[in-house]
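Questions regarding the structure given below will be posed in turn.
Labels run A, B, C and D following the written order; every chain starts at residue 1.
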Amino acid sequence: MVNVLFHILIFPGFLFAGGFGLVAEYVDRKLCAKLQNRIGPPWYQPLADLIKLVSKQDMVPEQSDATVFTLMPIIAFTATLTAFFCIPLWQMRALSSFSGDLIVVLYLLTIPTLTFFLGGWYSRSVFSMVGAARSIIQLFAYEIPLFLSILAPAMLAGTLSLSEMTVFYSKHPWLTMLNLIDFAIALVALLGKLEKTPFDIPEAETEIVAGSFTEYSGRLLAFFRIAIDMEMVAGASLLAAVFMPFGLSLGPVFGFILYLVKVLFVVALLSLARTIFARLRIDQMINLCWKYIAPVAFLQLIIDLIVKGIVAQ
Amino acid sequence: MSEEDNIKQQLIEKFGFLSDKITIQRSRRIFADIPLANFSEIFDYTVRQLNFSILAAITGLDEGATLGFIYHLARENGIVLNLHTNAPKDKPVIKSVTEYFPAADAYERELVDLLGAQVPDLPKSDRYPLPDDWPANQFPLRKDWNVEMLDKKEVNKNEKI
Amino acid sequence: MRRYDFKVPIGPQHPALKEPECFSLMLNGEKIEGMSVRLGYNHRGIEKACEAQTYIQDLYLIERVCGICSHSHATCFAQAVEEIAALEVPKRALYIRTLVAELERIHSHLLWLGVAGHEIGFDTLLMYTWRDREIVMDILAMLTGNRVNYSVNTIGGVRRDVSAEQIPQILKAVDSLEERTKYYIQVATEETTIIKRLSGVGIVSYDDAIRLGTVGPTARASGVERDIRRDDPYAAYGELTFNVITDKHCDVYGRTLVRVGELMESYKMIRQILANLPDGPIAVKAPRKIPAGQALSRYEAPRGEDVHYVKANGTDKPERVKVRAPTLANVQAVAHMLKDRYLADMPIVIAAIDPCFSCTDRLTSVRTPDNKTGNIMTWPALHSYSIDWYRRCGIDFSELNKKFRVPGN
Amino acid sequence: MIRPGKMIIQVLQSLFKKPATSLYPFVKTEMPDKYRGKLKYYPERCIGCMLCMKDCPSDAIVIKKIGEKKFQAEINLARCIYCAQCVDSCPKDALEATKEFELAKFDREKLKVIFSEETNSGSETKT
């Protein structure tokens, strides 16, 4: 019982995931500022923002569906937290590992987007509704490439369990080199999932104010914010587990540091992408995903199939 | 003969009654005073025949008994013809020039809102530039208007501060 | 009007707009089916206020019509008054006016480039251009004292001279700005995501540009070769050689190219001005009472043609001052540009005319010389008013008030 | 060549550059020499011609006669638009624009500054 509480509240639960989420947000913001030749925020800024939001009044719009409106941030938060239990962080095995947990992680990471949609839609504000519609359209665009890019390495490893995948790639480290294209695709899809420039279309500030989050304030917004931060870390951890499965037997201290470095490396790549591109339009984003990225992901799948055949012999 | 003189000559040839109404203030600036009755034909002639293809602005003036309107027409090469006309204050009706310049819409709405001119053939639309709850028959650019008229009648009516 | 699903109010408060105006978009999904524009939120009564003040006072009021093109409006007004008073402005003054005008154009266009970057979600471009804009802002501050409201004009000349030591500093700044501008031209013409967002958006054909009466870079990007600096030369422009930049793209991309092209021309012009800066006085004494007369003054502001009409009646106060700012001519083309486009194009299309709504609406500040009827409330009055308002709503704060005294200041 | 990520080189170079922004309230910036900030008044030079009052676009300055050839100036910093026209209008250089610009106060009344001879030349008393 104590063990379960420890896992939920401290590691890899609320405290670790939330804290690391804030650290990742700080790294993202500070790096972005540095890349843009600014000073950037001090280290406590994400935490200060969160405390400010928590201390503010919750406002529920009169016309909104109050139940859905208040429930959605909590669901988003819970879903991302749950995903942490299934991703191997610094060991070979995740906390809860079973055959097919890869699919579970991918679906758990889809839930926040659905909550953005529902929360925005039931806010009943024009900006929220446009933002909600955009986030669901965007979901259809990036989800297929993301699934394909994660499934190809899984197929090569011949398993749908993340933990077994890392075991496989630890044995065949050279095979990870094969998945570099998939890593790039997964990064692009992750940008779409986290709604960051160039794919921050659902919350494009200059067009629709804040998209789904326009009507959110106070604690509810704080839940969404921390959920997005945690989603960033969870997504980066997933990428680290699938595409960088090395150094997993270094022991708790070095292994943990290596894990942090891997995740922050992915976060740094995301913030670099944020600074060098302009925001695309939603039609351009769909074109990009379906015309270029999805076919390349299929190509990688075929390559992996062929390689698997060779390895099996 | 300079181009400005040429334009003056052409205008006088076509409309004889303008002979002493046109002055050339400096190079590229011609001022003409035209009667309201002949406004349409003179305007049509200057735009269509004399190639004054740019409407720079329309200025409204309060001239005491009359309201004055100056149409600042410009040619591509920088010559500006200022057509001044006026209408009596009790019936300040002018013709819209949006037929020639669709952009004149905003300038004419300014005349309507700020000076109380009447432009019957202006298409219906939101008012510009005054707020929607601006009291009727208050024309801020008229000389007899001042802020007190607005304060006493409209703004302070609901509650005392 | 066609069928629409949403009506999205863009403004009076919206992140895409830096000033309050209202654009109502009728949306069918993401597509814009129709739109209506409501202007006038910034009406401050400047034209009326000008009639109650002397010419010298008006100069500073007119300067505050707009923050970014403050020099444009002040120069345009001063030119009109000087024409009525038949003042011979010294040549050096005209050159300094032109110098500040071109520096202002550089700062305005760099500002625009940054805003355009921000509107398409490219914040790095915003940060970089605004960083480089500081170079020209520093030069303006050095020349005139302040960064935005330069107040360099006076009736009959200018107030601040350019010293010999300042000239090499300006040239150095222009060199570094030119290098940066070349880089931005490269970025704008070679970065895929920028081109994707800008080209084919907000199209106004050559004929439409003329019909809708667009001015400035908006018109020039549609191939309309109009530039007051060349067509109706004022200040020292008659003695400078420069090209009028036009473009055939007719879209936002073309407007970007025109503006960066104009930046390069401005650098050229500043070098010419500084090389040929005449000696002599910088102002002539202007009479307080301006003789009766009227004048129309035109000026190519960074955003397009600025028109001022001044009528004098022989006193020290003008009879009528009329200001036609460039945005008023351009804003009516926005509805045309947005027809059948997407919601996502709205910010950049509105930004592409470089709107300055404080210029466009000029008139409802309640200002009286003795400040008797002004609606300014002091802090205690506002405080007691708010308590009163809540009490009428049935909420009494007096108990709380005893606990938390509002500080005296 | 048209390609995505055109700015990447300069963006990465920025990592090793000094930031262009500054921590303003902690790091002060120097104003240029010609800056038009808060006004300064020299009562001993004033001849009471009131030209500054006449030309002020916002009625921010009031010159009062307080004795034989003695004047005091009341400057309302809230009304002042810092155009420094009064400095130009003054025939005796009794007014000067300083570089001081951080003038915000919580109380409107504190923005009224009175300069007079009793309080030393050019200094101020706050009402």
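Operating definition for what follows: a contact is a pair of C-beta atoms (placed from the backbone, for glycine too) under 8 Å apart; a residue touches a chain by one contact, two chains touch by 3 or more.
Owing to the predicted nature of the structure, the values given are computational and were not obtained by experimental measurement.
Each chain's centre was taken as the mean of its CA atoms, and the one lying most distant from chain D is A.
Simply put, of A-D and A-C, more C-beta pairs touch at A-C.
With centres taken as mean Cα positions, chain D sits 52 Å from chain A. The centroid of the Cα atoms in chain A and the matching centroid in chain C are 43 Å apart. Chain D has its Cα centroid 41 Å from the Cα centroid of chain B. Computed from the mean C-alpha positions, the centre of chain B lies at a distance of 24 Å from the centre of chain C.
Shared interface positions of chain B, defined as residues touching 2 or more other chains, are absent. For chain D, the set of residues that touch two or more other chains comprises 4-7, 11, 20. With touch defined as above, residues shared between interfaces to two or more other chains in chain A number as follows: 35-38, 275-277. Contact residues on chain D toward chain C in their complex (touch as defined above): 1-7, 10-11, 20, 31-36, 54-57, 59, 81-85, 88, 97, 105-108, 110. Interface of chain C with chain B (complex): residues 36-40, 43, 45, 47-48, 83, 210-213, 226, 228, 231-233, 294-296, 298, 305, 307, 309, 311, 319-320, 322, 324, 328-329, 331-332, 361-364, 366-368, 373, 375, 377, 381, 385.
Residues of chain D that touch chain A in their complex: 4-8, 11-12, 14-15, 17, 19-23. Here chain A touches chain C in the complex through residues 35-38, 126-127, 129-130, 133-134, 197-198, 200-201, 204-209, 275-284, going by the rule given at the top. On the side of chain C, the complex with chain D involves touching residues 53-54, 56-61, 63-64, 124-125, 127-128, 131, 134, 138, 141-146, 149, 151, 154, 159-160, 183, 186-187, 189-193, 195, 369, 371, 378-379, 407-409.
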